[in-house]
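Taking it in order: structure first as structure tokens, then the write-up.
Chain naming follows the written order as A, B, C, D and E, and within any one chain the residues start at number 1.
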């Protein structure tokens, strides 16, 4: 019906909707529309930037470490409680105290449960001050606070439902106490999530009065329901299903660049992959075009660097394409004319499996016999974190929209993320990534990222497959979905949708 | 006059008991079947000792316990002066060669998937470690003994009639050159015309191989035909025991008399009204108190309900378990 | 009777203990890191370690086992890593849906199976027999997830006769939760609209699930009917001059159905299991999916709790079947 | 020279004569089999299945493994009888080659679970008492599990691969045979012929393995045949949950489940392997039902 | 008309089995009058039960009556409609079987099963039949109230057989067929049951066919005896005649094999085995085992002729031609 938006999605991954705990993409989308933060990410001309939301302005101290935020006046939570600096301080401390998935982002700013009384302070009812340990670029701090875990929780409600000092976390799993455009009305697990318009929203109540996210685990079911008009949006279609919608009268396809990278990782500490030439050979063996066209149905951007399209520092160069001759030569030079055997690990999602199969076929052409092992994500990550995987097909979601959020995981082994997991102990790359993070001069910083990327192309243990495009099947009655979806994963603004 | 009791005793059973634990009903209550309850008797060498009784009286159980195919609950089984209940399981297997059994049911007593030669030869393999040719020869010889032919060696049991199966079972038993055979109603599943032939065969085998039989049956006519000694069983106990002549001609126990009365006589002119036991056979799970037969006995008195009669000798070799035995 | 039930219950406890030992060790032997997975691929190692410590997952396995067993004794199956709620609460939420589905499927498969089995037996070796055997065996021959999708395609998408996935239509007001079983609650609260809608939703999944179990019931019905028809007492009934119909329905059927009852317990088990797949296809918010989801992220407490619970249900079902058996078959009553 | 051949021939005749009962038995079986139509259909299906598996390398028109992206998602045609999948692989070829994998899975699972189950069952049934108690309680435990969940847990624990799929299904499946064999062994050990063998002086192991075990095999075999279908389905279920064999092995179950998202537009991808599964499972069920009928002692008499 | 109650003429029954066609009845000739007691004796598998089932019209797949007919009170059963057949079974002929416990429906109370018979016989509702049930159970010597509410497995064999008798006699049938009614019972119980049957039948005046292989039982109960061998009635006479002057070599052999108490003669069995009825011997089926076999015997089955008044036999020894050939 009008005023109601029905989304079909696989909500099996939903764990909690408490903004201090929630970390998965789709649940954060819900949270971002239920809780407002001081800032908000927005897609501005193709670049995602943090803009003030509940804060109307901010100051940075000279040393670049003290941040003062000025709140708007007259804000209130959906239930009518006033939203003041106390609530902001409470919410930020709450993330630190609960110490769940998102906490590391706060900690990366130097805010911890131990120092929070000094670092997070209320100045007056409309002013909040935080102190970071390093002079971060403003975009980094604001981006972090602009996401779901930066959402402001009503302290009164949270404390009223607290049990065993959990600051209402159990209750907030499936209830809401925020100030965003929507209120969480109901979450019936494995069935549906219902959001209702917040009539007290400071920008005015949204046009769509009710949003229902139905749990539909099978993509085929989503497709059928979408075509029948029982749902307005299908969230988890496969690329081929999307393509089958082309030319449909009632349904259109909406795509936006995704905030993640899809890559093949090679363990630089393992056997043949120790040799950069072998890694390079792999990069030349992969048929990127075909993977993008056939496996992901064209729903991807041919981005071979680690910085996503639309980001500061994005490198548009795509040096790799399938070149078997060259790859073979490299293999020969590296001393593996007859190839070798390798275990290629990936998880159970259909797309990854397909990619693995395609890559297996590509590698076979240069003599590398890849044996695919499909693992549960939990198993795969366990092994991965122990540096125990020889070769992997995986993805990396952006934590906050800044080149730094990618350069470090992909190039700096010291942060113990991807580069470390693949045992690429390259100090040159690590130093460069770290330095670029603090560089204040944009031109210089951009150059540094470009240098890093070029170095990384040749030496890195990654073959970047593509940057995904996010896509949805959307009924034509629904308007404004593309605008709403822009910057998906970081931004998803349901207020822009209408019927 | 009773025939002279042979001197040498081959098997002597003393106070033998066998109680079966059984679980009854859907809720599996534990009860005991007193299948054999305090039984004492002696089997003289090279004689036929018959055990008769109605079904459920414990005949089969007695036969199997005597061979220790089931472990007795208590009591002694003395075979040639050796207490058979005390032998270790290992030596038991060697011992078994000398004591064999032929069971009631000719249709299930032969392994349905084995050739006759293997059925008969199995024991030879176990005990004599013969080569396969020797085994074949021995089997052939034995088959001829029981009235079958060489060609029957390579057939399966289902190709034989009941009578022939009993012959095969007999061959399996005698191939081991035993001394003692338990014949558990070997002819009850057979037609009379065949029964006559099989009984004859047992008689012949006995004399040619000097065997001793414990002959179990429910047919008094067959007992009369086959045996030297008789024990009449009722609900796990021997009611009367003695030489055939004693039991048939000087019958002392009311049960034996009534049992004989119940047997239909194949003579149309013999049509006098008979006295037969009234009522049903009680269950051996909860046998009647006192004398077990008192519920059906026309002569029962008060004592019979209360006191269990002793197993007393009323003449040489003639025993009765009754408070009021009928003695002329 | 009381003692028998008690004994069975004790045995059940033993079995369940064994089950929990088995799951516990299988699950813990898996070289996986549920915490890491839950925190997301990006989370740094320190956080993962901290979480593990918080959840006691860094303790030696025996200690963890001890804790778990102690918890069970207090009726506490632990806190699901994923939903962050007590597993018991999760089970209470999801199980009724599965139970409802299983009950409907059982009804379908028993009704269908018994009818087909009787037809088969009575018209043995005729085309009726062949047809009903082929029909029932076909049910067990196709992967349920495939049949499910195809039926959905036909009855929902093409024909539009039945609703798509889920337990209720979006805009049907669900009944007030009493038992958690939607249809039952609708009846209890007199919410007929929800009842009708719920019924329409349950038909397809129950049919798919039930059909897959039909063959075994049809098979045993046929066999036991044939067996009964050979019995002496059937000849007696005929000798009494009863008509063929009376002989079959009055004399044979009751006897033939007794073994079918035993199968219901087993079938119930296999339905709980089939639910794992069917629930995914039909978006059914049941325990099967819960366990699958738990397995996919290795949510230890949820897997163990869910499995243990299903084992409990299964054992209970068998106990009930055995007791029913005793009631149905006078030979068993003593 | 000549005499030897004559002797040999004599032996042959002898051999045939000795086996006569077996041959008669076979004739009987053949007769029953012919009169059980479904068993015949089942046999034909299974024979075809096995033949296909044997001759798969000769039959396949295309490489079933390597992808050919230029030919993806083609509907059935004369070139590609069953169409092609999302990797442009010929589904017909994959189904054909898949039969080998299915056969292998069925064979191994049957061997392992049938063997293990029968062995434990016979031991439990033969010895009874506490041996039986212990083995049966363990069986109960495995039986109380929802078997797919147990298989899933095992597959997850061991990691998805063909071998592990086989192990997982076997671990789950043996209980049926254990129960069956136990019941049978308990029945058989009470038979007079077993007692007779004991009376002759045979020891426990001899009786158990040479006499009781062979008699337990036929019901186990029937059950095995019936279960063979289930094995394929369980493998398919594991495939559906992403715990099946490693890609790109053309295991039918994972083909169905991988193709299911194409069901609306490219129905052929999962439909053909689905039909293949249904066919073979149907075959095994018919065969099992038929054998059961044939083995029915009441029909035998 | 040879018998005014029952006349079985040239009855041939076959069973189609995997081994081939079992020629179970090979032209059975049997007749009896009202209130007569006929004993049917013979070895296992000679067709006694099949004969009785044919009389009941209960030959079913895989069996078939291929020729001959059964006339009951002059009516051809082959020509009866389904309904008439049911009625005949319910009202005029009853049957009791060998295994009394398994012949009763295990899940129904005895009372109901007897009531069912009565309701069938008297065309009344089952519920209305209960007073009659108690009377019948009383009559066969059971504790009627208690027994009526029991299930078959709660009865001993003897009691079950009594209940069967109650069921069978509740319609006061013209003919009672008792197929080995006591061979599963103990001798003492057998004696009780036979005595009971004797009394009841005498009172009610039913004709009885008593099938047995026990010569003693037949001798005590029957006034006429028919001896069957391999699908034929080979001799039929009064009981006294059969036992004292048997004519057929088979009957003679049978009698010689029966052991008797207090008679210390050697037993003589009949050599050979009962023939396989798939490939029965040609001619007289007994000829391979017959000590008096002649050429003729293997060619044609001798007809059942009246060798002496009231004494029928099927053997060439007693036909004109037979005597010729013997010379």
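Brief remarks on what is shown
Rule of thumb we're sticking to: contacts are C-beta pairs under 8 Å (C-beta built on N, C-alpha and C of every residue); 3 or more make two chains touch, one makes a residue touch a chain.
Remember, it's a predicted structure, so these values are computed and weren't measured experimentally.
Look at the CA centroids: the one farthest from the centroid of subunit B belongs to A. Should one ask which of B-D and D-E has more C-beta pairs in contact, the pair is B-D.
Centre to centre, using the average C-alpha position, subunit A and subunit B are separated by 88 Å.
The distance from the centre of subunit C to the centre of subunit D, each centre being the mean of the chain's C-alpha atoms, comes to 25 Å. Chain geometry summary: the mean Cα position of subunit B and that of subunit E are 32 Å apart. Centre to centre, using the average C-alpha position, subunit A and subunit D are separated by 47 Å.
With touch defined as above, subunit E holds no residue shared between interfaces to two or more other chains. For subunit C, the set of residues that touch two or more other chains comprises 30, 32, 149, 153, 157, 280, 295-296, 298, 329. Residue positions of subunit D with contacts to 2 or more other chains are 156, 241-242, 260, 263-264. Within the complex formed with subunit B, the residues of subunit E that make contact are 43-44, 156, 158-159, 186-192, 194-195, 213-220, 239-240, 243-244, 253-262, 264, 266-271, 273-274. Remark: subunit E residues 56, 58, 82, 86-91, 94-95, 97, 99, 102-108, 116-117, 120-121, 151, 153-154, 164, 167 touch subunit C in the complex. Those residues of subunit D whose C-beta lies close enough to touch subunit B in the complex are 17-18, 20-21, 25, 191-203, 206, 211, 214-215.
Residues of subunit D touching subunit C in their complex: 37-38, 137-138, 140-150, 152-154, 156-157, 229-230, 233, 236-237, 240-242, 253, 256-257, 260, 263-264, 270, 274, 277-279, 281-282, 285-286, 289, 292, 298. Residue ranges on subunit A touching subunit D, taken from their complex, read 218-220, 223-224, 238, 240-241, 244, 287, 290, 293-295, 348, 350, 353-354, 356-358, 360-361, 364, 371-376, 379.
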